[in-house]
Structures are given as structure tokens and as C-alpha cells.
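Before I ask anything, let me first share the structure, which is written out below as C-alpha cells.
Read from first to last, the chains carry the letters A, B, C and D; within each, the first residue is number 1.
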Amino acid sequence: MIRFNSDYTEGCHPAILERLAATNMEQTPGYGEDVYCAAAAEQIKEACAAPEAAVHFLVGGTQTNVTVISAALRHYQGVITAVTGHINVHETGALESCGHKCLTIETADGKLTAEQIAAYTDAHYADASFEHTVQPKMVYISNPTEIGTIYKKAELEAIYDVCKERGLYLFLDGARLGYGLTCRENDLTLADVAALTDVFYIGGTKVGALFGEAVVITNEELKRDFRYNMKQRGGMLAKGRLLGIQFLTLFEEKRYFEISAHASRLAEKIHDELKDMGVKFYVDSPSNQQFVILPDAVLEKLKDDFAFEYQARVDDTHSAVRICTCWATKEENVEALLAALRGLLR
Amino acid sequence: MIRFNSDYTEGCHPAILERLAATNMEQTPGYGEDVYCAAAAEQIKEACAAPEAAVHFLVGGTQTNVTVISAALRHYQGVITAVTGHINVHETGALESCGHKCLTIETADGKLTAEQIAAYTDAHYADASFEHTVQPKMVYISNPTEIGTIYKKAELEAIYDVCKERGLYLFLDGARLGYGLTCRENDLTLADVAALTDVFYIGGTKVGALFGEAVVITNEELKRDFRYNMKQRGGMLAKGRLLGIQFLTLFEEKRYFEISAHASRLAEKIHDELKDMGVKFYVDSPSNQQFVILPDAVLEKLKDDFAFEYQARVDDTHSAVRICTCWATKEENVEALLAALRGLLR
Amino acid sequence: MIRFNSDYTEGCHPAILERLAATNMEQTPGYGEDVYCAAAAEQIKEACAAPEAAVHFLVGGTQTNVTVISAALRHYQGVITAVTGHINVHETGALESCGHKCLTIETADGKLTAEQIAAYTDAHYADASFEHTVQPKMVYISNPTEIGTIYKKAELEAIYDVCKERGLYLFLDGARLGYGLTCRENDLTLADVAALTDVFYIGGTKVGALFGEAVVITNEELKRDFRYNMKQRGGMLAKGRLLGIQFLTLFEEKRYFEISAHASRLAEKIHDELKDMGVKFYVDSPSNQQFVILPDAVLEKLKDDFAFEYQARVDDTHSAVRICTCWATKEENVEALLAALRGLLR
Amino acid sequence: MIRFNSDYTEGCHPAILERLAATNMEQTPGYGEDVYCAAAAEQIKEACAAPEAAVHFLVGGTQTNVTVISAALRHYQGVITAVTGHINVHETGALESCGHKCLTIETADGKLTAEQIAAYTDAHYADASFEHTVQPKMVYISNPTEIGTIYKKAELEAIYDVCKERGLYLFLDGARLGYGLTCRENDLTLADVAALTDVFYIGGTKVGALFGEAVVITNEELKRDFRYNMKQRGGMLAKGRLLGIQFLTLFEEKRYFEISAHASRLAEKIHDELKDMGVKFYVDSPSNQQFVILPDAVLEKLKDDFAFEYQARVDDTHSAVRICTCWATKEENVEALLAALRGLLR
């Protein structure tokens, strides 16, 4: 069985395991107050061209989203998100369990626009009974989005402008940030992301680490007391150095970008070759998640050899599935998939 | 200024004030453990033909919704509601502040259907990552809805069947229940409502009381420890008898229904006469809230004499407003409004 | 049965009922945006000598405590309180249900001292793992306390100094404030209370109103967005004018203080006469709650005629009970009680 | 610097790192639905003699405590804990942030007794205003406790009897369970722990793993929907197999107990030799945490070579510190410490 169903099917980049082994019996302070976390934070600040940023390491994405958002909001404030936003769909209401409402906006492609954010916020304050509704105070976007689309630099600039004008914090969920920043349509750098948000995170779990997400806070207001929040939300790892070691390994020698580029190249190969085969796409995604429409008969024949994530029934004879590449995807497995499809779709 | 902007513009039915005065210096136990609350509960159980029901009195609607829903749900469970549901829109996220997500469904008329509820719930359990999404466990409906529409008996029966089959609690928000049960399209009785839900409430604030909502719980599972919930949510009034006295006054001699019928009749009069004048309706509502589309020029001329609630811009020259009647609405004021409109719309 | 068991056994001051009747059929805007609330707020600001204060009206004490405290705190912050504080004991964990921990301090008499607050806060920041514990950010005191004791001006000044030095908000729960400010040991004025706290409330429920608490906010940081908080916590009464009318009636012509003084005088009479009879006190309270130790045999004989609140078993033959006076207590009932005790204790 | 300040100073048992490396490029399903988690759960159930138990893996202790407790309780219910309980002190109010109050009991040695639990619960229901206070529904104990003491089998039996009689769930925090079960005073087996609680967890973070806690649920009521809770609390690790692999390695060949016994033996060696040197103990602990009182002058001399955790000032010239051993502690480091102390205390 070759798995393309998600981008967290393997362990981690071998260099991480090596370093964990090399440092295993060292004694360090706990809770992220060790030299590896400090060094990893420095590497990340440098990569972000954000020397004043605060960098914190958490274990997983849901935990990170909840910790960041609930740290920023008052009880009566909510976060604007696409309906498809991970926080609104796939976190079992973690954000609501911390008291905050997702203020949802329908989108065509998983991406919010500056106009939508402005309109939502302006409508809130124009309503005579505005105090009877949740106050929008933060905007949550994912890059790439949950359906693989990416923000262009001009789009992010426009969104951040709207946020600053209206007193909204902008938070970018970068669970797959590496795959967004290395795909061929991208025109953003990591430094752009840092400059055009108040807080964002660099996903490790899906990009080479065993686990781990690095939160980068550039807005002074959001830096205060962040570690209290981490601890309260269960996100302060006792052996915090495990996170430091992993991110240090990913950011020294730019490994994070190299392994991301590998996944992007393979996703583009799949995309281009499937397109040549006449396959239709369920979503037009430029990044490591490809959403393709295939005949049910073909899916049935592939199912013992390849795992995909089911998305939706498209018509009586077709379904949409997600095909993910990641840092660990083997070129030979992509070749095997393409060969199989070429045979079946002929 | 004659106010039609809401149904809570006046104080209360005079009989309530008289009784409050008559009992004012009596000494009673607090927190709803007095003889008036007991007597009012008995009257309500009788009116509901639900001798085994538990009846509790709370002060306001938001408080009641939060107390009932959070008493029924576990942390990871949510409540299915129309997008327009009061809990989803006009309670400043009170439900989310207690940890629960509103699981929203788009509707044409503010009403959920049995089919929608079944489909939503079945889709939840059919999803391989169902544990990553909030579990639907309760259905929230309002009758009349927030936009004045009402459930017919067959609709409520179908919904309750779906709920029972799928292990969902059905909660009916009756903030304006009297106005729903006395309008001419209605075919439900109060006993039907009690028989076809797990818990509902009878609104007093908008129907003759100074304040107060009577929760009627028929499902045994939801009765347990309800007073702990009330106290925790700030809903246990120290001088609980004030609620008992009010509901006793409303339900003795069927005053609740008489005063509701008055409001319904006046709303129907407005509806019918405006229709005759060729006015279009923003929502086709059979109950005490009428949503009408009027020329902006007309609204401008009315604005010093009549207050409405603004709803929406309809086109370049028209807007929609809400006109409410209630137990206290004077027939002469309705006549004045109709006369003014007749003059302006000619 | 004559009830001395609590200070909310009757309805309200007759002048309030008269005014409710006189204004009953007036139409006003809802949610506290009416002329009565505005006028009452003005009266209160004047009585507090705090022209810049924000005044808001809520229905009950638990709701008020939760709304004020959760409006002031971030998720990881807690409130310092005496172990006996109402928020820690008798609100069914309402504060914790909003996410905040009570940081409790043992006291001899229900009163916190400036020294205790300073020591608690300093110890927090001196601890190397301070981020693993809840950050103290607010101090909650009641005046009178839950056991009837009161703060002297010098004590309140010292507490407020400590709070300001350490960045703590000071919140005073005045559920029985009138009774504290009119007892003979008191040296505080209402203006002192306003000047020496960041936020406090003036209790109406126990002091002449049917219900209602007036929150007075003097610290700018706590004023912002307060109405969102009120709505979210279920504390924004639809017919908000009911609160405005009540507080206006209580504060025009200084009725609040007059009726409080009545209760204080009767409590002092009970205290002095019982002391003369040789009765011991469970708590040495100067205000309207008297905690007295009586032989069980005496209590048994009184129980059909008088209601007290049971406090504790003191020894094999004695128990402590609470005797409350209030604005409505009749002098003749106090005489009856004293006569009965004189007979039984002889 | 030799660290004795905590029991999470090193990485993990080398066999775990080897297995992580050996399985690194395998592709598995995520979120704990892989073969390693299944196999580890089987090993644990066997070790617990609890074939019907449900076993779930979480990342850290705070997260585990919050997930288990909030899964068991309704909003108005709280958990009885020693004042010194980890949930009450060192989790930044994580439990309160989920809405639940810690119902604290003072203890001499960090251990609750059956009598205390019975008395607390009985007093709750005996109070006429019981609904105004948080309902006790769960008991939280740690074994070993936060101060190193352990429960004997008879004590645990008595506690569980009281819990069952009163409808309380018993939850045992086993963050250091291995060290409790292998110290010389212990008379409990892992099977006893499973039989005498409703839910408990086996700590990995402090006992040989990089991270990870294994929750064992034996009470049917607590098994339901547990994975929803895990996901909502941020505790469902994407690469769940990392937890499965670690616990499988620890429980195959009984490594968990062997490495725990190593730590226990070294702690006992420290204890016995210090006692021989005349050192006094701040707490009389039989397990891997030793709380010793040393002259400040001695501590000053040790501070460049050895790290301890500061506990408290004992008198003008002495302080208490915590000395921890763990699975990774080297005998030579213990010898070095003892030699240094022998020299300084002579």
C-alpha cells in the first residue's frame, strides 16, 4: 500500500532522528527553556527577517490554533474564518470550547478576500444591535488553505491593510507553510509572511518533523504572557528541547525549504501529468494537496495499492479524492501512481 | 412616537402589577422555592397536559437558551440550528462562551426541516474523521422563528421523529410562543409542543410579563440537576417568587392565550391591510412580527411618529422593516399606522 | 412565621412598585437604552462623586460577579478572594465555568488584608515556574463580607495601594453595600468606595429593589465593550428600564441610604440586646447579618415562629444561626423575636 | 552540571529511539489508528489485567488531566483534590479554563483519605443550599503524589469504596506511576490500580519516553466518545504512532518496570545515605522524589555542580530542595552527589 492520503504518514527527516539520538542523554532544563529552543528560535527569526519576533514551540496544529487565538481574544470576541477553515471544521470545536465563535464567510476557493473582511467588520459596527453579536477581532487564514490554494503577496497585503485599519489581528495558519512557499505559483517569502501578519506559525508536523509547530509573533500586544497561555492549553512540552532540536535541524542549512520544494515538485508533476491525461480537478490547487476527480471504477482498481483521502461524490460515476505529497514522498511511488493511472485512464 | 419596533416596549399586564403589589410584603423563601413558583408550575403542567414535566423559571431568553443547552450537552457536542437562530446570531456568542458550537444550516424561512436534520447528522457519522468534528446532539428551533414563521404540527412531528431516531434532543425556543400558538395559520396546541419536544420554554418577557421564561422539561435525562445549571449560569433569581407570581397570573384564567391572541389579531390586520395596499413582504410571516418592504420616502415621512426595526436595504428606493404587535399594542395605534400608510402609499 | 433567614424575603420598597405602575404602559427602547436607566446612572454617579464612571445595571449578584470579573481577566488570570468569598462558595462555580480560578486566601473574619494580597502576588512572581500557575490580576472583596464584617477606610486604602502597585484590579462586591455604609462602625462613604476601587457594585436585590445590581466602573480599562460582556453573560435585561426605574427610585431622595439605615439600626438593636442577654456570637459582625450562638433547645422552641439560616454546629448543645434584618424588617417583628428570646434564655 | 532537579531532564530510553528509527519511513494512518497504538494498547491491557479497558495515548500530563476530567464531568460538577494536587497548582488553571472547579482538601502528606472524601461529599448534600455550590463528582489522586508519597493498597481500596458508594469517579494521575509501583514501600500492582480506579494514566514522559501518557479507562461510562474529547483538547497527535511505538517499547519485555526500579533504587540509596548523614527531610517520601533540608552554605557550594529544585525556606540557615532520580540517572552521578554531601556535611 502506497499512501498519498495525507502529508503525515511517515516519521521525520533522518537528520532529526540523528540529532535526537546524539543529544539523547544530555540533561537540559524543561519547558522550552533549553539551548536548542533558543537556537531554533534564532534561526527562525533570521529566516523571517524578524529579529524582534517572539518564537514559541507547540506540539500540534489544533493546540496551536486554540492557544494563539484564545490568547488574542476577549471572551466576547470572535475570529473571522472561511467556512472551510480548519478551526471551523476539523478541530471538534476546540475554539468554541475555549469560548470563541468562528465568524464564518463562504468562499469559492478557501481564501478570504480583503473585501470580505472589510464588509463583515463594517456590517458588524453598522448594526444598531452590534453588542448583541460577537465582535470580530481576529482574522484566521491558512496558507496553503485546507484545499491547497495559496495567497499571492498582493492579496495578503490587501488583507493586512484591512485588518490594520479595522483593529483586527491577522493570524496565518502555516501547518503546510513550506509547501505553499515552494510551489511554482507562489510569490511570497517567509519574511513577507512575517511582515504581513501579526502572528503565524510554521508547521513542522507535516513538513519534516515528528511533530511541532513554531509560532512567530510579531505584534507586541500578542507577545505578552504567551507562555501562561501555552501551559494552560496543555501546549508546554515537558521535554521542550525535542521541539527545539527538530526546528533547529529543519532551519539550519535551509532543510525546511529543500524538503518542501521536493514535495511541491512531485505535486506539480502529478498535477501536470494528470491534466495531460484529461483528468478534471475538484479544486484547482497549486500546492502539495491535489484534489482530483476520478471514475469510481478506476478508484476501485487502485484501492488495494494506493490510499487517497475521499472528498466527495461528484456524479453517478465519479468521486473526488485528495492526493498528498510530502517531504517523504518517494519519486518512485509517484511514478507508480502515474503509471497505474495512465493504464487505467487510457 | 408610537413604537412597533419590538414586542418588549411596555411593562407588563396590569394584573401582574396588581398581584406583585398585593403580595409585596409577604415573606417567602428565595430561589424559586416558594408557593407561587410551585403553583405556577402546576398551572403550566396542566396547560401542557404534562403532569410529569419539570418546570423552572428563568429571567431572560439568552440565559434560558444557554442554561438549557449547556445542561444537555457534553463539551464536544453541538446544537443544530438554523443560521438565523437566535443562539447563532443575537446572543453575543453566549453559547460558544459556554463551550458549544452552533452547527448551522441554511434555511429559506428560518425553519429547519426533518430532512435537513437527518442529513446533517447522518453525514456526521458517515465521515471517517467524525471525531474531528463537533458531534450533533441537540436540535434548536424557535416557534415562531426569529422571522415570524411557524412550525405546523406535521413538521414538528417529523422533526421529533428524526431526533428520536438519531439520539438528538429537541429544544424549542418559545420566546414568542403565545404569538405562534394563536395566529390563524397555527395548528399546534401547547400540549402538542410539550409532547413533541424534549424541552421548551414559554416566553414571558415578550408576552405579558415584566420578564421571565418558563422552561418545561419532559425528557427525564434533562431534568437531573437542572437547578445547579441555573445557579451556575446566573439564572436563579433570589426573589424567585417574582417569576412564580407572573406566570401564575398569566396561566390562571388563560390570560397568556388571550393576550397573545390580541397581538395575533392586530398583526393579521396589519398584514391583510398592507397586502391590500399592494405592499410586498420581506418575509411571509403569519405571526406578530411583520416584515414589510416600504419606499424609503415613506419611511422617512413616518419616522417621527412611528418606530420600526430596520431590517435590510432591498433596492435603491426600498427598505425592509419589522413591525411588531404584542399583548400591549393598542388598536388605535394600529389604526393610526394603517391610516398613515394608506395616505402615503396611495 | 416571621423570617429573619435572609435579606431578600420581601418584594420591594413600595415607591418602586408605584413607579413601575405609573410607567407601565410607556413605550421605551430596550436593553437599558432608555431614559430611566440614563437618569438612574446620573443619580448614582452623583452619589458616588464619580462623574466619569460608567454605570451598568444587571439583574443578580452571581451574574454581576461573573460579568465583571470575566470582563477584566484574560484566560490565564485569576482573582484573589477570601476562602469565604461568595464567588468561591455560593455561585456553583460560575466563575470557573467562565474559565477563571479563584485564588483563595484564608482569613479570620472574611476580610482580605493588604499584606495578604501583596504576599500572594509577590510569591507568584518570585516562583521560578510562575507561568505554570494562574496569574493573579484582580482582587475580589465584599463589603460587608459574607459574614457581615466591614472594611474600614484605612484598610480599603491600603488594599487599593497594594493593588495599584502590583497591577491588580480591585473589585468590591456590594450586594449589601447599603447595610455596610450605614452601620455604626462604618467610616466609608459611597464616594470613598468609588475612589478606592476600580469597579464595584451597589446591590439592589437585598436593599429595597425587586432585583438589580448597579455596576460602577471607574477604571478606564474596564469600561471598554462592557455591554458585549453583559449580553454574552445573559445579563442584558430586555426591559432594561425596570432596572433604571428601580435604581432611580432608590437614589432619588436618598432612599437607598434611609432604608439601609433602618436595617442597620434593627440589627444593632438585636446585637446589643442579645449581648446583654449573654448570647455569644459566632462571628463578630457589625452589620445587618448577625451570627448568634443559641442553645439547640431554644432554637427548637423558636422554630415554628421564626426562621433563621442555619450556620454550624457549635458544640453538643449549641448551634450558630444567621439573623438578617433588611429594609423591610418590621420593628414589631424584632421586638417579638427579642421578647421570645428573653423568655427562653432567662 | 549534574541535574537532579526533575525527572524529565534527558531524552528517552535508547530502545525507543532505535525503534523510531527502524519504523521512521513506514507509512501509517494518523491519529492513533495505526498498528503500533493497537499493539501498545494490548500490552497495557495485559499488564493491567484489564482486557475490557479502553486505552488512549496523549502527549503530556496537563493535557491528559484536563481531557480525562472534563470528559467525565458536567459543567456544574467539580473534582475533589488535595490542595497540593497538580491540577490545583501547576497547570495554570487548565481545568478551570475548561469550566471545572477544583474542590480542595488540605492534607498532611499530599494524600487524600477515604474519610475526607466521604465527609466532603456528605457535607455537600447535607447543605440546604447544595445547588449553590459545585457538585463533587470525581476524585483526583496522584500516585506517587506531587510530594513523593504513595498510596497503600488498603488506602486505595477504602477510597474506591467511598467513591462507589457516593457516585464519584476515581481518577489516578500516574505521571510517575512506575516510580510509585517499584519503590520498596509499595504494595500495589498495576492490576490493582486498574481494578481500584475508574480511570488512570501511566506516565511515559517521566518514565523512559520522549513524551506520552497512556490513559486506561475501566469504567464503561467514561469510555464513550473519548476520542472526541482528545481531539477537542488538542491531544490527538497527528503521528499517533509515535505514542504507540514508545509505549510498545516500554511495555514489551517489562522495560517500564525495570527502568522505574532503577530510579527507585537510586532514590532509596540517596534517602538512606542522607539519613545516615543526619540530614532531615522536608517530606517523608518513599519514591523517586526526595525532599531534603540542607544548610544554605552547603547548597551554595553545590550549586555549580548539581541542580536541584528549590522548595522552600525552612529556617534562617536552611532550605528544602527536591532531588529527583529517574530511569536515566547514572549511578556515578548519585555517587558524586553523595560524596560531595559527605564532604560538606561532615
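The rule we apply is simple: a contact is a pair of C-beta atoms (placed from the backbone, for glycine too) under 8 Å apart; a residue touches a chain by one contact, two chains touch by 3 or more.
According to UniProt, the chain labels map to these proteins: A, B, C, D = Low specificity L-threonine aldolase.
Given the structure is predicted, the values throughout are model-derived calculations rather than measurements.
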{"item": "Partner chains shared by chain B and chain D (touch criterion as defined above)", "value": "A, C"}
{"item": "Reference chain D; chain at largest CA-centroid distance", "value": "B"}
{"item": "Centre-to-centre distance between chain B and chain A (centres being mean Cα positions), rounded to whole Å", "value": "42"}
{"item": "Averaged-CA centre spacing for the pair chain C and chain B, given as whole angstrom", "value": "34"}
{"item": "Touching two or more other chains - residues of chain A", "value": "75-76, 91-93, 97-99, 129, 131-132, 228, 231-232, 236"}
{"item": "Chain C residues touching chain D - in the complex, by the definition given at the top", "value": "75-76, 78, 89-93, 96-102, 128-129, 131-134, 310"}
{"item": "Chain B residues within the chain D interface of the complex", "value": "31, 70-71, 74-76, 98-99, 129, 131-132, 135, 225, 227-232, 236"}
{"item": "Contact set on chain A toward chain D in their complex", "value": "1-3, 5-6, 8-12, 14, 17, 20-21, 23-30, 59-63, 66, 91-94, 97-98, 205-206, 210-211, 228, 231-239, 242, 328"}
